[in-house]
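I have placed the structure first, in the form of structure tokens, so that the comments after it can refer back to it.
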């Protein structure tokens, strides 16, 4: 897995993504597109492509950061409950501030995601038995608790079915003007690049990082902040995409090893490529209908994750 | 048995009997006698059966996983149940509920859930050094997968039809079908018979694998049988009343806090009693105080979940 | 405990015969061979120490000899019969094992823990005779004054002694201990080794231990089995192994031997 293969692959897939869809846009026809066709391209297809790339990059990077900070390959926004907290946050925003704007939703979701992730890290500190498998188990159970709370409120307001439909990750509603919040991921990914080495050191523990002269708490907080913001932004605009932050870093790490500086660009690129493939497949498989990305990644992601788990013995222990 | 244990048992028994009596007779008019009483009686029977099955299966599950903060509900059986119910409505519409009698639906759900659990076990017990946490994680991943599929279908379903799925999403002890009740009792009794000779191993199993093997327990065989029993018990409970994820976790841990012993005979009785008190008390609260504003399982999950976080933060002696 | 010796049917083996044997046993984890084609024998009524550098495969070997782990190939024989042909509860009355890490999740008192040692004999209902074994084991390990304390109230060394007491209460002919001296201070290390010696000499127990301190092996054991990189490096009587040439082969370092009070002491600190 080399950058020189990943970049062309990404470009190729991006082009395919632009020209696949219900409305017929053919790349060979681009010189005599009608105005309507140009509009489709610029208002719908291009924003969709951008959204996919940003989500793919930022979620994978967020997953990688969490794995470094916890020193556990099976921790990610999905398996630490971050996703569930963000979802609860959106629901609270909608119930408390009637007609909440996207910005407000994002903010509340972010607060919940951040709080939830801090709670998870707190719990991790308290658990004596830091088994590779046990840690994500705790996170997932924590996530179910949060979900029970979400369900409680959703039931009260008769929102269960509509909540499901918002939460199911989907790019089909991405249009120019309603996805730009995702851009927030770009500076965060850059910060992640700058801090990459420090995350690795912080992951080795408080004592270890302090003896290397690193402000452990600060690094930890920056990392969790990045993760929470990215997760919240994605959940608010796209919905939940399970396992993406988990499998991408794992696949890259199998192929490239664990030095964060080394694997970060690959993780980012591969995340975008993987999500693009899932999205294109989702659009093509039951054409002219569309399988939502949440389901596509859910199916492919869980299959891949199971595969990783089953071959874990030779790798993550 | 210690004095304290006797006291606690006495209190729990009195509490459950008085709660059950209240539940049966509260606001009962002479005209409702014929109709309401048998109906409430069925609810009580379902509560006792489900409460016991869940408490017991969670207790043995915690023993064989050597962990107090786990519950068998997390291996994905709940999600599978919801997937089956959703798929029925998705493919057959509300008609599906006509095609499939409650008995057929009930048995089919149980068979699927138990088969899934067995498949999971088979997948993971191929090798020699099995890790039960590993099993759980794989179960949860399957659960997420089932969840994704259910959500996909649920979003596409007509809102009216969704209502019938939503009713199944929450455990309910009202409107219990008598035939299903008997079926459940028979299945659970057979299961109990199947596991009975192994119960004596439970106290020793709690010492962990190495000690258990050293003390002459045919470990792998015993664990497998317990896992099968857990799968059956959880499946029957879920198919009878619906999923209540955190009930077992809540009641077993409350029982452990109250009873200072490692003996499973005591712990099992304690957990079952706590479970009955929680369910009957919870149903009364939901019906009389909250006027059905939310299903019982939501409350139980809420309280159980909060308790779970408390256990985690306290840094359990796991 | 002497009482039980009379009750138990006499094993046909005489002291000194090979009683526990592994033949060409191998074991790998994830494709990595940890024990490679090892054959060793342990004599009845002796103390055999397993020594060798870290990662030599000692723990894996004794885990296989005690059925905590299965073996990939070869044979493990107990009194001539393959270990797999024994029923679990039968074997638990014959062979006991204590591993190094003993974390128990339930809250038990020392006495309760020790009483678990009787499980193979009487399940959960202990008879008067069973309690006798429990009392004896508690006294043997000098745990009397802390018998009602909970394990999580004890120090590492006290806990270790409680676990050894449980194994003693199990009253098996063969006792396998994986680094029993871990966590123990000098006083208790010596006292445990003396206890083991006594069990062996007075009651005819066969004891297998993994020890890190080579001088304990030298002073207290009859036989030594040395492992290195998953292979058998040397086996024989204690005095055959404790000499500079053999030790150099095992540990890759020069080790001098001094005679102190008729014991061979290995000097390797400088």
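We just call them A, B and C in the order they show up, numbering each chain from 1.
Rule of thumb we're sticking to: contacts are C-beta pairs under 8 Å (C-beta built on N, C-alpha and C of every residue); 3 or more make two chains touch, one makes a residue touch a chain.
Worth saying up front: this structure is predicted, and the values here are computed from it rather than measured.
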item: Highest C-beta pair count, chain pair; value: A-B
item: Central chain of the complex, centres being mean CA coordinates; value: B
item: Centre distance in Å when chain A and chain C are each reduced to the mean of their C-alpha atoms; value: 52
item: Approximate Å spacing (C-alpha centroids) for the pair chain A, chain B; value: 33
item: Chain B-chain C separation of Cα centroids, rounded to whole Å; value: 43
item: Contacts with two or more other chains, residues of chain B listed in rising order; value: 67, 318
item: Residue numbers on chain A that touch chain B, as the complex places them; value: 74, 78, 119, 122-123, 126-129, 131, 133-134, 136-138, 140-142, 144-146, 148-149, 151-152, 155-156, 160-161, 164-165, 167-168, 242-243, 291-292, 294-295, 298-299, 302-303, 305-306, 309-310, 312
item: Residues on chain B engaged by chain C in the complex (per definition of touch); value: 66-68, 128, 200, 203-204, 206-208, 210-211, 213-219, 260, 262, 317-318
item: Complex contacts: residues of chain B adjacent to chain A; value: 67, 69-70, 74, 131, 133-134, 136-138, 140-142, 144-145, 147-149, 151-152, 154-155, 157, 159, 162, 166, 169-170, 245-246, 293-295, 298, 301-302, 305-306, 308-309, 312-315, 318
item: Parts of chain C lying in touch with chain B, wherever the complex brings them together; value: 66-70, 87-93, 96-99, 102-108, 112, 116-117, 119-120, 123-124, 152, 167, 170
